[in-house]
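So that we are looking at the same thing, I have put the structure below in structure tokens.
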């Protein structure tokens, strides 16, 4: 059987005033069902573009994106997205924000059941008691947690996250990493995570993919077979430290610098 | 001789509608000339308050702040500040932004000399060629570098930094860490750095201070004697990994959680 | 029953009382007319309203009709009943400011609102009275400031309708015997004043209605002449914040100086004196450059005037 | 108590201004036809109190209806300009020009075209004078909508209409209310303009006019006061609506 | 080329509107005294071209002077309200009320108080009608100044005045220009209001009036066009100033 997400030889360029800007170059990635894939790469290499292609928000110039055995041509209900900016709708309460995808995807579901589902997820991420609050009354970390709930409330087949923890402080970030593992245990999903933080990728992913600078190709893959959930101490183990050092080196190559100290 | 920065038994509370909110509780810290001190602590414990007290932007309820043997009662020209938000003046070019403190502190200095000084600093942080650009044309990391230049352009005796790297991605952050060491080598300064990132504190500071939760007291101190400049690989050495584990535990105690995994 | 929307030249002031007298005393109803009166904003305001056909009838200045028909040849509008036989256009000065004679304005300041009807006739007035306009300083000013400026002595005289200016001046505390009025009609200006106008298409279709309207309105004027206070009272019920005494005075001044002239007493109201009418068109040429040759017959017609003697005053 | 604390500064300011005005008129010895003092106004208010209520209501309802039309039309126009850059480029200068034509000159033209339809004319002017800020703010609100907001729903396959209702419209509400605060005053001014320039005997403008005809200067000033008062009421009514429907945008509270 | 691409949409839009208007007048068979068609206007423009230039200039300079006064006064008032919360609470409702008084009613009063001083009166009305948005925007700009911005300079011991000049003032420029775009149109309307309601024979308003007196309807419509044109010119002049002095705030470029 084919993998859940398949990106086959995707090439894409933006049409800008200064001429076409090639962003993705014959990119091939596939993620089996239930796996967690992290993508790292230099800033501006095309990572966000990749997420938009998978979500069907854009069409690639050439190559194909397949989701669950179907070719992606337009947005589909089976995807959940979370961005670096949690993009909460400020005029809705947290609960209403989390319920939003259900209103689109399952308009016939009774409101009580939608609410139940949203409350249950909010409890899972430790936001019980904040359901009725407005996003502006929550801290950045809390908003991001709510945004993750919104991304998975409609049980998407794939969860796409574009630097969801980028703007958070180190402690909150680690909290949310642990939350990701707990969520995977509660309701398994397939995930693609874009990140700048190598520790994040090592702690969370089953496979880490390093992209080259623009136009992005796959430059390096690393499998991490430690089963989920993982203890946060894992990051301080020699094994992880070694992995981090390798990824660092790969990133520096991707960024076009010589490896090693400078 | 007394230390350059001396905070002696400082206690402070904010007057809020709901009554006084004690923030600092009999805090005593001193930083010898030329030393780099990092302060970590739970969110909202009073770290930013501390920086405002040292800068003379606020007066403590009780206790004293001394700078270079003089009691601080109002803002003084010998302090440089950098915030999490680089707070660039968008209507000025990068060069003009960096020159701003000189306009206040040394109004009689000829413009040519101010410019020379600013250019020289910008070159040091790798921003040559960007002097005439507007802040909005630069990336977050570049803006933060310029903000650091602005904080030290008037050769302050003390550099106070409140989470200056908080909003940056991991790679840029590490770049700037290395830059800090280079700056110290070029023009030595005394520094107080507020941070949420333990690795940052270990890599940069000669002394790391962990504050307790609000009202903040000093809960733990750690000296790090590795001489500056330090290679970034230092962070992956077992010594640093051990230090990080200790600091982690202290922070968790400060946050009121039990130490260890959860 | 024919409905007639009537476009007045001005607001509901004393001289408008006869319309309301005619309504409330049943004169229009007797002619089978249902009349509604609309306020206007100047002597020429009603002309386009009637020409477009939105109002079948209205009240406007003769000179303005001539100009309008010259600019818009063939527009379906004409005057059918002269009311202001002796237009109230005047120069009003103050004796205490040295204006006892017309000539006294030479060397002094004359205040004139540019869109004022009286001011537009001034060149003819000056010519007929031999004024040397090069010696008169003209100060353009706005209507609301005209009388206050004269009251404060900032100008020595102003142009305007005699009854408005005099009444406003006395309101501002100027003694009535200090005011000198020089009505242009008394000094060689032959212009006619405001007349009832009709949309000619409407008039052709409803000639009896027009005649009936004229007859009823004349009755209204007669009622107003005999019982001015009652007529004003009937008008005031439509503009609650008005002052009965003031408006009655205004109506009386209009009656005495403008409507019930000797010629009207002799010949009845509504018609024009052909010789004077011809002269007035000649005078108009002096202040207005006609695009086409003037056609006085198109500006006024007596075809709709009732011939049953209802226009005569005894 | 809380309310008192909030209401005190403006009330004191108004009292001070009135006192200064009274003093100025007294000091300069101005007659009422030049400038009436506040103390001259009470008799006028009292004498015409029923008229003030009646005329005030006339002015009010036409203003509100005109504003309502402006809201609908302005929002539609704003949507067109907000969603299409071409339409924005094309229509913006036209609207600026239209807006720059003093409505005092348009009033007679309108009155001529729709003769005798006073309610309609008045409402039309109130509408014409007030739709511009609404259209501009809605178009800016929509055109500056961050793509991420749209993408949340787009990624789920939502239709354009759904996106408009669930995201674009509520997101634009704060800008919309900002413009509405300007528009309500403009509509009010428009109503009065019609009432004064093209008198039809209704509304506070007509009361002002009759004060003018009768040289009743205290009445004229009293009407100006009534207008200011009504203007304040209308404005703060919109502020109230804003609190209710776009209160979430008020950061000062959180 | 670039310019052409930018100018095309509004020009085409204007052409379409004119064409529709011409068609409408033709189709309805309206006489010029009801509604003049665009084609009727050229003769009027040509015949009175010197008057248009002269009167246009009269209107223009009074508008600009009035706006200048509004800028100075509005900025000062905005500073007072921006720096003091008490003053803001006290003055805001007063200003709202003042702003809601239709200026058409204020014109005669002003003309009475400053009798005969036409330039002064006209400028005063242009000023009174346009200072409000400037004061409000400056006060909002100043009161929402982030404390960090102030602290950069405060930490160096800079004086309040220095902070105002180096930080608060430039930071408020974008809001200021936003308001100026509204104010310039208002000032223009104010000038014309004075010229029309209180005629003193100067400016485009007077030309409109003389068209009215002489039943020259094409001239009246031509003046409306000239007003719209001048309004557009003034508006885009402010846009130009904004580009120059607050261009840094335009994110769309970067």
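For clarity, chains are labelled A, B, C, D and E in written order, and residue numbers in each chain start from 1.
By definition in this document, a residue touches a chain if its C-beta (ideal position, glycine included) is under 8 Å from a C-beta of that chain, and two chains touch if they have at least 3 such contacts.
Worth saying up front: this structure is predicted, and the values here are computed from it rather than measured.
Undergrad: Name, by label, each chain that touches both members of the pair subunit A and subunit D.
TA: Touching subunit A as well as subunit D, we find no chain at all.
Undergrad: Using the contact definition stated above, find the chains touching both subunit D and subunit E.
TA: C
Undergrad: What pair of chains is linked by the largest number of C-beta pairs in contact?
TA: Comparing chain pairs, contacts are most numerous for D-E.
Undergrad: Which chain has its C-alpha centre farthest away from the C-alpha centre of subunit A?
TA: Between subunit A and every other chain, the largest centroid distance is to C.
Undergrad: Nearest 5 degrees, what's the C-alpha rotation angle taking subunit A to subunit B?
TA: 180
Undergrad: Centroid of subunit A to centroid of subunit E, CA atoms only: how many Å?
TA: About 50 Å, centre to centre.
Undergrad: Please report how many Å separate the Cα centroid of subunit B from that of subunit E, as a whole number.
TA: One centre to the other, that is 48 Å.
Undergrad: Provide the C-alpha centroid distance between subunit A and subunit C, rounded to the nearest whole angstrom.
TA: Distance between chain centres: 84 Å.
Undergrad: In angstrom, rounded to a whole number, how far apart do the mean CA points of subunit A and subunit B lie?
TA: 32
Undergrad: Considering subunit D alone, which of its residues make contact with at least two other chains?
TA: 33-34, 108, 112, 197, 212, in rising order.
Undergrad: Can you list the subunit A residues in contact with two or more other chains?
TA: Within subunit A, no residue touches at least two other chains.
Undergrad: Could you pull out the residues of subunit C that touch at least 2 other chains?
TA: Within subunit C, the residues that touch at least two other chains are 48, 52, 144, 148.
Undergrad: Identify every two-chain combination in which the chains touch.
TA: In this structure, the chains touch in these pairs: A-B, A-D, B-E, C-D, C-E, D-E.
Undergrad: Which bits of subunit C are touching subunit D when the two form their complex?
TA: So the residues of subunit C touching subunit D come out as 5, 11-13, 38-39, 41, 48-49, 52, 54-55, 144, 148, 168, 171-173, 238-243, 246.
Undergrad: Given the complex with subunit C, which residues does subunit D contribute to the contact?
TA: 31, 33-34, 48, 51, 108, 112, 115-116, 197-201, 207, 209-216, 219
Undergrad: Spell out the part of subunit B that touches subunit A in their complex, as residue ranges.
TA: 42-43, 139, 163, 166-167, 169-172, 196-198, 231-233, 236, 241, 244-245, 251, 255, 261
Undergrad: Write out the stretch or stretches of subunit D touching subunit A in their complex.
TA: 146, 148-149, 151-158, 162, 166-167, 170-171, 173, 246, 248-249, 251, 254
Undergrad: Mind pulling up the subunit C residues that touch subunit E in the complex?
TA: Contacts found on subunit C: 44, 47-48, 51-52, 64, 67-68, 71-72, 75, 113-115, 120, 139-145, 148-149, 152, 154, 288.
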